[in-house]
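Have a look at this one.
The first chain written gets the first letter, and so on, giving A, B and C; residue counts start at 1 in each chain.
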Amino acid sequence: MSQQLLRDSPGPAADAAGAPDPGREKAGDPAAGAVQTSAPAAVGLEPAAHPAVARLARTARALLKSPGLVLAVLVIAVVILWAVIPGAFTHWPPDTGVPSARLKPPSAEHWFGTDSLGRDLFSRVVHGSATSLAATAVAVAVGLVAGSLLGLLAGFLRGWVDDAIMRVMDVLLAIPSLLLSLALITVLGFGTVNIAIAVGIASVANFARIMRAESLRVGSAVYVEAARSSGVRWHGILLRHVLPNAAGPVLALSALEFGMAVLSISSLSFLGFGAPPPAAEWGSLVAGGRDYLVAAWWLVTLPGLVIAAVVLATNRISHAFQDPERNRT
Amino acid sequence: MIRYVGRRLLQGAFVLWAAYTVSFLILYLLPGDAVSIMASGDEQNAVDPALVAKLRSEYGLDRPLHEQYVIALFKALQLDFGVSIKNGVAATQAVGEVLPETIKLAAAGFALAVLLGSALAIAASFSRNRWVRQLVAALPPLGIAVPTFWIGLLLLQFFSFRLRLFPALGNDGAQSLVLPALTLAIPTSAVIAQLLTRSLHQTLGEPYIEQIRAKGASDALIHFGHALRNAAIPTLTMLGILVGNLLAGAVVSETVFSRTGIGRLTVTAVNSRDIPVVQTLVVLAAAIFVITSLVVDLIYPLVDPRINTAARATA
Amino acid sequence: MTRATQPRLNRPRSLPAGPLRRPAAVVGLLGTAALLLSACGGGADAGTQQSADATPVSGGNLNFALSVDRGCIDPQQVGNNDAIAVARQTVASLTSQDPKSGEIVPWLAEKFESNADATSFTFTLRTGATFADGTAIDAASVKTNFEAIKALGAKASLGSTYLSDVSAITVKDPQTVVVDFSKPNAQFLQATSTFTLGLLSPSSASLSEADRCAGKFSGSGPFSVKSYAVDKEAVLERRAGYSWPASTNTNKGEAYLDTVTFKIIPEAGNRTGSLQSGQIDATAAISAADITLFNGNGFWNETRANPGVVYNLYPNESTPKLKETAVRQAISKAINREEITTTLLTEKDQPAKGVLSHTTPYFKDLSGLLAHDPDGARKLLEDAGWKEGADGVREKNGEKLAFKVTYWQSPKEVLELVQQQLKAVGVDLQLKFTTIADVTAAQAGKDYDFSYGNLTRSDPDVLRTVFASTTARGGSNLREKLPVDDTLGEQAAALDKDARQKLVDQGQEALIKDAHSIPLYELSTTISANEKVHGLAFEASSRLDFYDAWLSQ
C-alpha cells in the first residue's frame, strides 16, 4: 500500500480521484505532458488495449479526415527533408557568409534575412535541422531504450527489483526535467550529444512507467498465463506477447516525447550548453540572435517560429496516436 | 488521518533522501572528477594541484566511497550541502539568498497563469459561437508548443524595445515583473486551460448539472456556481507538476530578462560547474515537489466531498 | 592616431563573460615611465563626447550595468574587468599612472624612488590618509597588505605575480617603507598604481577569503562597499572625509556621487534596453551592434583600446603541424583583419597592427607584416606539401590541415569569421565556444591547437609574459627555447629607453614573422552613458574611475 501511494506521489490524485478518474484522463492529454515535465505522461498514458497495427490504421484514416493533422504531418515531413537533403531547399551555404551583406532583413533573396556574418538564416535553419532532429532522436532513443528496459525489468521480475527501479523513477519524476538535464550536463559537459543524452535520461522515467504498466497488464492476461503454464519460456513470452502489445503505447509516448525533446534541447542550446559554432542548431540560432533584438528582429523570431511549428506538429500527431476519436476537433 | 499524514511525511522524506542520493551519485561519481572540474573553474591558469588536494580533503573525496556518502548525507541532514566554489559561501545560503526573487516571480506567474487559463477554459465552454470556441481551443496547444525563451524574447522585443511599455531589465520593481511573469505564465496557463476545459466538459455532462439546468438555472450560474468549482478539483491535483513547470520556466525567464533568482543561479552554477550549488538546487526542487504534493493530498479531501481520507488510506 | 587616448578598460565586448586575462600592468622605471602613450593618444572623440565644461555637482546615485559577476569584489583577489570596475573605487594605491603620458605619479606615496638596478623601491607616504575603519594608512599597513597579497597566492592572481620576487619589506619609519626584490623588477612601480596592490585596512587582511570577496573589507578609496548581493548588484557609497586623491584626478575632495549601484545584467539586449529606458545611467558593455544607438540622442560613447597584447591566436607549437613555420605563416596571411573589425565590431575598433595594441608604451606599427594575402598563404601551403583534398581541406600524408581552438571570449563570431577566412585557403579551424572553466581545463591539459585571448598591461614586458618559453607557464606557444626569448628577456632588464625600444621592436617582429603570434584585433572598451553622466573616465590601466563622475540634476 505504501508502495502504491509512493509510486503515485508525482500525481497524487491519480488514484485518489476515484470515480471518473480525472488523473488518467488528464494524463492522457498529450499537451499536458508536452509542457515539459515528464510527470503527467508518467501518471498515465494508460495503455489502450489496441494492438499497434489497428492503431496505425485508424491513425491513417483519421489523417484524411483532419486537415490539421495533414498539415502537421506535412510540417514534419518538410523538416525531415531539410535534414536529409538541405541542398534541395536552399542554395546558400550555411556556414559561409558575405560579411558585406550582414544583418539584411528578410527578402526574396534571403527568406529569413542574414545574420551578423552575412550568412543566410534560412539556410542555417534548414541545415541546422539535421543537428536538431538528430539530437532529438538521440534523446528519445535514450529515453525509449533505457526506460523500456527498466520498465520491462520492473514489470516482468516484479518483487524487489520492481520496487527499487520504480522508486528511483519516482525520484526522477520529482525533479523538473529541465533541472535534471542541467544537473546531468554539469557532469557530462557541454555539446549537442551531451544535452541529447541528458534530455533522454530525464525522460527515462516516463518510458519506464508505461512499459512497466504494459508488461504487468499483459503478463497477467489469461492467454499469457496459459502460454506460461504450457511451458513457453520467459523470453518467448517477452518477445511474443509483451513487446508487441506494449509497442503501441510506448510509440505514442515517443511521439509526445519527441516534441518535448525538441523544446528541451533548444532550451538547453539557448542557454549555451549546445552545439559549437558554426553549427546551426535551432536553439542556438535563437540564442545568437538575442544580441540583435534591436538591430535585427528576424534573427530571433524566425528560427523560433520553426521550433514552435515543429513542436505543434509533433504534439498534434501524438495526439492522433493516442486518441483517434478526438481528431476531428 | 494522523496515520495517513505520518505515512505521507515518511514517503516525502524518502523521496528527498533518494533525490539526495541520486544527485550525489550523478554529480560526484560520474566520470569527470568533481574536484578537478571545480578547481579548474577559476581564473586563467592551470589547475592548481595544491588546491585540488585541499578541495579533495575538504570534500572528503580521499576517503572510500561509502564513507564519503555517509559523511555527505550526515552534513546534508544539517542542511550543509558544501560550499559554493564560486565565492565560498554555503551553497544553501547562495540558494536561499535568491530564492525570494524566484518565489515572487513564480507567484506572479502562477496567478497570471490561473487567470489566463481559467479565462480560456471558460470561454471555450461558455461561448455559444462555434468559431469562438474553436479559436479559443486552438490557443492552449499553441501555448504549449512555443519555446519559453522565445516567448520571452518576443515580449522583450515588442513591449520593451518597440512599444517601450515595460522595462527590459527584470529586476527593478513591480513593473519589471510583468514581462518575466507573463513569459512564465503562457505555457502554464495553456496547461491549466486544457485541464480545466476537459474537466469542465466532463462536469457539465454530469447528471446533477442536468438537474440544476432543468430547474431553470442560467448558464452563468451553472458555470460559475457549480461546474467551475468541481472542475477545478482535478486541476488541483496537477499542482505539483505545475509548480515544477514554473521552476523550470524560471530558468529561462530569469535568463532572458537578466533577473536574479534560482533559475539564473542554476545556469551560472552549471556554467561554472558549481556542483554543491547544483545539488542543492536539485534537492530543493524535489523538496518543493514533495511539499506541494503533500499539501494537495491533504487539502484534496477538504475540497472534494466525494473522497474521504479513510477511503484513500486503505485504497 | 585618431583615437581617444584615455586609458581604457579591458572587457569582453558583448556577452557575459568572465575575467579577461590581464596579469600585470607594467611600466618602467621612474625615468622611463613617461612613455609613448602620448604618441598615439590624444583628445577624445568628437561629437558624442560627454561635456566636460560644466561645474560638477554633488549627489545622486549612478546606476551602472555590468555583464558578469564572478562572486568577488575584493580588489586584491579579482581579475576580471567587471569586478575591477567595482573594486577599483574602494581602494587607493601607492601611485597612479597618468592615462595620457603613462607616467607614474604620486597618490598615497607622495614620493617614491628606486635604486639603479631596480631591485629596491622606497615609498614615502602622505600623512592624514585613513582606511574606512578609521586606522591610519602607514608604512606598517603597506607591509601587512603586500604580505597578505603574497599569502593569498593564486587567489590574488594579479598581485601575487607582481610581488613574486619580493625578498624583504622593511618599515623604515611610520611613513616610509622599502620593498626589496631578489632580481631587477622594472615593472614594480607601475604595479603599485594598479587596483590589485591597492590598500585595505590591516584588519581586513585577517578576514577569510570569502568574507573579503563578499565586500566585508575596509578600503582606502573614495567609495566603500555599502551592500553586495552576488549576481544581482553591488552598491558603493561615498567615503566621507576622503581627501587623498591621485594627482591624475580633477576632483580633490569627496566623491561627487552619493552612491554607485552596479547592476549585474548578463543579457546584452537587457543592457541596451535599460540604458535606453534610463534604468541604468551608463555601462561599458553595449554590444557592437547597438552602440550607434547611443551616439548622441541624449547619450554619449567613449572608446579606447586596451594596452597590452591584442587578441591573438596562439599556436601550440608542440603539435607537429603547428611546429611548421610555413603553416603558421600561411594562417596569419590568410586572415583579413580589416574584415573582422568592419563586420563585427564598432567603427572605433581597430585591427591588430602588431602584437601590442597602439595604446601600449613602445608600440610600433607593424601592419605591413600583417597584410591579408590569401594567395601567399596558398603558395606557402602548396610549397610545404599541403595539397587540397576532396572536401577543400588541405592534407599531407593523409593528415588534414585541421585545428581545434577552445575559447569563451565574446563576440564569438570573430573566430567564426576567421574560420571562414581560413577555409578559403584550405585550413579547417574547428571552434569550441564554451565556458572559462572548460577553456582552463583544455589549456591545463595542453589539449588544443590554438589558444585565444589577449592580455592587458601597459608595458611591453607583457610580450615576455605571454610568449617567452622561459616563464613558469612556458609561454603560450609551448615551444622550445628560441633566440626571441633572449630578446624578450633583455628588454625586461633594459633601462635605457632607446635600447629597450629596439629590443621590443625586434621581439615583436620576430614573433610576427615566424607567426608565433597571430594577432587579430585590438580589444577596446566603450563607455556608453546618458547625458546626465559627466566625468566618468578611464584610468591609466583602462579601468573605470568613478571618483570624478557626477550627475547633472
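Everything that follows uses one rule, which is that a residue touches a chain if its C-beta (ideal position, glycine included) is under 8 Å from a C-beta of that chain, and two chains touch if they have at least 3 such contacts.
This is a predicted model, so every value here is computed, not measured.
Asks: Mean of the CA atoms for each chain, then the mean for all of them together: which chain is nearest?
Replies: Answer by centroid distance: B.
Asks: Mind naming the chain pair that shares the most C-beta pairs in contact?
Replies: Per-pair contact counts point to A-B as the maximum.
Asks: Once you find the CA centre of chain B and the CA centre of chain C, what distance in Å lies between them?
Replies: 42
Asks: Please tell me the distance, in whole Å, between the geometric centres of chain A and chain C computed from their C-alpha atoms.
Replies: Once rounded, the distance between the two centres reads 47 Å.
Asks: Rounded to the nearest whole Å, what is the centre-to-centre distance of chain A and chain B, using the mean of the C-alpha atoms as each centre?
Replies: Distance between chain centres, rounded to whole Å: 20 Å.
Asks: By residue number and range, which residues of chain C touch two or more other chains?
Replies: Chain C, residues with two or more chain partners: 267, 269, 272-273, 435.
Asks: Enumerate the residues of chain B that touch no fewer than two other chains.
Replies: Only 153, 156, 161, 255-256, 271, 273 qualify.
Asks: Residues touching two or more other chains, restricted to chain A: which are they?
Replies: 189, 290, 293-294
Asks: Would you tell me which residues of chain A are touching chain B in their complex?
Replies: My answer: residues 1-2, 4-6, 9-20, 22-23, 25-26, 29, 31-32, 34-37, 39-40, 167-168, 170-172, 174-180, 182-189, 259, 263, 266-267, 270-273, 283, 286-287, 289-290, 293-294, 297, 300-301, 304, 307-309, 311-312, 315-316, 329.
Asks: Under the definition above, what is the set of chain B residues touching chain C in their complex?
Replies: Touching chain C: residues 36-37, 40-48, 51, 83-84, 86-89, 94, 97-98, 153, 156, 160-161, 164, 167-172, 255-258, 260, 264-265, 268, 271-273 of chain B.
Asks: Any idea which chain C residues touch chain A in the complex?
Replies: Counting only chain C, the residues touching chain A are 14-15, 267-269, 272-273, 287, 289-290, 293, 339, 342-344, 411-413, 415-417, 419-420, 423, 430-435, 438.
Asks: Spell out the part of chain A that touches chain C in their complex, as residue ranges.
Replies: Residues in contact with chain C: 95-97, 99, 102-103, 116-118, 189-190, 276-278, 290-296.
Asks: Would you tell me which residues of chain B are touching chain A in their complex?
Replies: Interface residues on the chain B side: 7-8, 10-12, 14-15, 18-19, 22-23, 26-27, 30-32, 34, 134, 137, 140-142, 144-150, 153-154, 156-157, 161, 187-188, 190-191, 194-195, 198-199, 202, 233-234, 236-238, 240-241, 244-245, 247-249, 251-252, 255-256, 266-267, 269-271, 273, 275, 278-279, 281-282, 285-286, 289-290, 293, 296-297, 300, 304, 306-307, 311-312, 314-315.
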